[in-house]
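What follows is subunit A paired twice: with subunit B in the first complex and subunit C in the second.
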Partner chain A sequence: MDPKKYDLIVIGGGPSGMAAAVGASSNDVKSILILERMPRLGGILNQCIHLGFGLNYFKKEMTGTEYAARYKKMVYDKNIEIKTSCLVHKITGKKEVTFVSREGEFTVSASNLIMATGCRERTREMLTVPGTRPAGIFTAGLAQEMVNIYGVMPGKEVVIVGSGDIGLIMARRMTLEGAKVHLTLEIMDHLSGLIRNKVQCLDDFGIPLHLEHELMEIIGKNRVEAIKYRNNKTGKEKLISCDTILFSVGLIPEQDLLTDAEISTGNGIYLTGNADYVHDLVDSVTKEAEKLGESIR
Partner chain B sequence: MDKKKIRKFICIICPKSCELETDGAEVTGAKCKRGKQFALQEVISPLRVITTTIRYKNKNDTKMIPVKTSKPVPLNRIFDIMKEIKKIHVHEIPDIGSKIAVTETPEQIDIEITGE
Partner chain C sequence: MIDFIIIGGGIVGASMAYELAKYQFNVTLLEKETELSFGVSKSNSGIIHTGFQDDHNSLKGKFAVRGNQLYREMSKLLDFPFIPTGELVVAFPGERESIEQIKENGERLDIPGLEILDEKWLDKNEPMLSKEIECALLGPTAAVINPYEVIYAMAENAISNGVNIYCDNEVTSITKIPNLWRVKTSQAEYESRYVINAAGLSADKISLMAGIKAPEIIPFKGEEFILDRHADRLTKRIIFPVPKKHTKGILLIPTVDGNTMIGPTSNEIIDREDWSTTKEHKQEVLKGAQKLAPSINEDLLIAAFAGLRPTIKEGDFYIKEDRDGFINIVGIKSPGLTAAPAIAEYVVNMLAKNITLPERKNYNPNRVAIPRFRLLKTKERNILIKRDSDFGEVVCRCELVTKGEIKEAIRRGARTLDGIKFRTRSQMGRCHGAFCTSKIMAIMSEELGISFDKITKKGKGSELVKENGS
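On to the complex of A and B.
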């Protein structure tokens, strides 16, 4: 039997996937399917409980969760098929999409395929930090999911490595939830996140930001016990006790499905949102993805 | 502007991050009205909206529900207010936008549900 065919399949139900589907639907694309691996639409917005979203697109400051809720309504208002808890593990140059769900493995196909798969966090392994491999090392976004979605604290004595926005946001979040955030290390001579996030997440709570400081070693047998870090201006090294390290050291567009299939974009296959390149604001993701959706014939 | 009293702030109202200077009466550097108000308020008492979560629990299920204070609260009271918010548990999933009173604080503070 031939796989069921859609006019458009969108892989990923986060902000860019939802916007691409809404854009296409308003341009009269008839059969649209969104495949989302989590149990609900919204993507990373669902764990962004903080403010700073929507000023541009909705002309109102809202939390990530409010932005997601409002945009989801726009998706539900359109004639868009949504499959959640469906993990796409293979695509082909013929735009066949294979996914697994609780019901089994299925293949569908489409005239157009939009990859709205977001991005991934860079990890400790990618920085090749010397030392042991104890428990207590997390990316900032994973810690955000643990605290905000599951209500689980990753640790109590925290050091943040890197000054990306999620790291800054998590410095404040962990502090509010009773952890002690000792410091934030940044290897460059400037902040990598937004300045407003430094003001309201670090300065408000007296958390120091050390620029031109490098993580040298992670120490600990079963659990993180301390880190060694170096002031790259003076060459001085210091040791600080902690039980948790959060890494906020950059994001990488998630394009592995294309890479695995040895295909690139073109011929009806598109990338959008953070899967294309990493954006600062979700508002610009929404606008770009809607525009892409509207261009689908 | 009275030079002795000048304080500098970075505006956090929007991502433009204007660099503001104020003596408590006049404000320079703000590209909008809200920025001016922000600087003046920072001199008197900084205000922030708290965003956090409360726990939903029923017999078989538990999850975190995102909330925010419906108005900005004084920065120096944030930890007290957090303690009160953490005492709140719900047994039914509240609608987005609905409000719950935060008890035992001297001032009237509500939290507003921001997600499902």
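On to the complex of A and C.
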């Protein structure tokens, strides 16, 4: 039996996937399917309970969860098929898409395929930071999920490595939840995230940002006990006790489905949102993805 | 009454448990860590050696050759991956004589298939290797395994044959009482006819508890680095340089999981719990690996780890019944993983001289692995999902590990995130657990009936969460 065929399949139901589907639907693309691996649409917005979203697109500042809720309504209003808890693990150059769900493994196909798979965080391992490998080392996004979705505290004495936006947001979030955030280290000579996040998340809470400072070693047998870091301007090394390290050292577009299939975009296959390149604001993700959707015939 | 207490749940202890389970004995294994394999064995290179790098007169050489044979049979019975990669010892200009000597040593050990191959063959079969290499000794019997996978397989089989295994159970004292040994631990007190000391890095200390001076353990640290799977297996075979006196050198190892591993370093250390990695050693490993395969670069590294070798001055393995009923297995460093099943066989043969070994009735020779969703075909996947829909819920997206596999790992004894990682490969992929860690914790919380703050990475003290929400 030939796989069921859609005009458009969107892989990923986060902000870019939803927008691409909405854009395509308003351009009268008939059969559209969104495949989302989590139980609900919204993607990473679902764990972003802080303000800073929607000013450009909805002309109103709101939280990530509110932004997701408002946009989801627009998706539900259209004639778009949504499959959640479905993980796509394979695509082909013929735009066949294989996904797994609790109902089984299925392959569907489409005339157009939009990869709205977002991005993932760089990790401690990718930097091969010297030292031990105890508990207490998290990417900022994982810590955010633990705090905001699962309601648990990953640690009490925190150091942030890298000055990406999620790290800055988590410096504030952890402080509000009662942790002591000692400092933020940034190896470059400039901030990596948005200035407004530095002001609102570090400065307002008295958390120092050390530019041109490098993490040298992680210390601790079972749980993180301390870190060694170096001022690269002076070459001076310092030790600070902590039980938690949050890494916010960059984001990588998720393009592994393409890499694994040894195909690139073109011929009806598109990348959008953070899967294409990493954006600062969700509003621009939405606008770009809507435009891409509208261009689908 | 217990017949045998095995101290240590690494590859040697697990091999002993598996071997003794074939007989009608009461066997108990005690492990101080929260799970088996969490000591020396978990960070082993996973190489099943041919045996030709160790002297033909040594226990090391003999047991490596025998162990290599035993793994082949066991991998079928116990359903664990055994990848017969073969190995090459490569010779740079001026080193040909060294590999000829290794070949001769190997022939005395009756290792099959040894062959010295020229540049042309290397160009064709291992094109990624340095063009400066003149020739290489091929050992076709070498292979790779995942040490922890083998340990869990052996343990599961042993348990199905009545062996008791207790983790988080550290031995604190050992005393001789008439005809028996009394072993006190952090949890309980046991009496046993025999004690088998397979305590790895602590083997000398355990022996001293029983009043026996065994060779002192000198830990040697080895750091290893893993390359991204996108880099593919650089070489088909394990690549060795010509060995130095105390070490086999920095190698290229194609792993069971399809990555290439490079390392290890070899440095004497004092702290028996120093599992740290360093910048200097990363550079040393990169340099060593680049000498063998020049295309390797720092950007390919995705993970680092350190292992400790329980080395002794004596050089060869130390395996002896040092006092009536107290058997020391000490200094089991490379080729210890390869040799372990042969060591267990040797110890059982040693016992057979003094006691009768009644065969276990209804002995179960098998063990079936946890289904590995990623490796199944669509049809097989759908059968599995139909039987249990948890196998349709992907938890770790990098390695395509399902909730069904995580639950099965817990059912088989996983109690920590690392234990689940070693049994399922979850958290081992590109995102290093950023996506799946919290989802696995939720499953552990549900299955084990514990709150998040009780969940650890690798046992007590390594809790992931400092505080539960309300």
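Convention: the second predicted complex is superposed on the first by the 297 of 297 C-alpha atoms of A that agree within 3 Å, B and C clash if a C-alpha of one lies under 4 Å from a C-alpha of the other, contacts with A are read in each partner's own complex, and residues count from 1 in each chain.
Definition applied: a residue touches a chain if its C-beta (ideal position, glycine included) is under 8 Å from a C-beta of that chain, and two chains touch if they have at least 3 such contacts.
Being a predicted model, the structure only gives us computed values, none of them experimental.
Peer 1: With both structures lined up on subunit A, is it a clash or a fit for subunit B and subunit C?
Peer 2: In the superposition, subunit B and subunit C stay clear of each other.
Peer 1: Would you sort A:Ile149 into first (subunit B), second (subunit C), both or neither based on which partner it touches?
Peer 2: So A:Ile149 meets both subunit B and subunit C here.
Peer 1: Would you sort A:Arg223 into first (subunit B), second (subunit C), both or neither based on which partner it touches?
Peer 2: So A:Arg223 only meets subunit C here.
Peer 1: According to the stated criteria, A:Glu81 is in contact with first (subunit B), second (subunit C), both, or neither; which is it?
Peer 2: neither
Peer 1: One more residue to check, A:Asp28. First (subunit B), second (subunit C), both or neither?
Peer 2: In the superposition, A:Asp28 touches no partner, neither subunit B nor subunit C.
Peer 1: Taking the superposition on A as described, I'd like to know which of subunit B and subunit C A:Glu237 touches: first, second, both or neither.
Peer 2: A:Glu237 sits against neither subunit B nor subunit C.
Peer 1: Determine, for the superposed model, which of the two partners subunit B and subunit C contacts more residues of subunit A.
Peer 2: Result: the larger residue contact count on subunit A belongs to C.
Peer 1: For the overlay on chain A, what angle lies at subunit A between subunit B and subunit C, C-alpha centres, nearest 10°?
Peer 2: 130
Peer 1: Tell me the contact category for A:Leu281 with respect to subunit B and subunit C: first, second, both or neither.
Peer 2: Touch partner of A:Leu281: subunit B, not subunit C.
Peer 1: With the superposition applied, I'd like the minimum CA-CA separation between subunit B and subunit C in Å.
Peer 2: It is 7 Å, taken between the nearest C-alpha atoms.
Peer 1: Taking the two structures together, which residues of subunit A meet both subunit B and subunit C?
Peer 2: 149-151
Peer 1: Once bound in the complex, which stretches of subunit B touch subunit A?
Peer 2: Residues 10-12, 14-15, 17, 46, 48-53, 55, 62-64, 66-68, 75, 78-79, 82, 96, 114-116.
Peer 1: Would you tell me which residues of subunit A are touching subunit B in their complex?
Peer 2: Residue list for subunit A touching subunit B: 40, 46, 49-52, 55, 61-63, 65-66, 68-69, 147-151, 176-177, 194-196, 199-200, 204, 280-281.
Peer 1: In the complex of these two chains, what residues of subunit C are touching subunit A?
Peer 2: So the residues of subunit C touching subunit A come out as 225, 230, 273, 275-279, 282, 301-305, 373, 378, 381-382, 385-386, 389-390, 392-394, 397, 400, 402, 430-435, 437-438, 441-442, 452-453, 456-470.
Peer 1: For the complex, which residues does subunit A have touching subunit C?
Peer 2: That would be residues 37, 85, 87, 89, 98, 100-105, 107, 120-121, 123-126, 128, 130-136, 138-139, 141-142, 145-146, 149-156, 217, 219, 221-223, 243-244, 256, 259 of subunit A.
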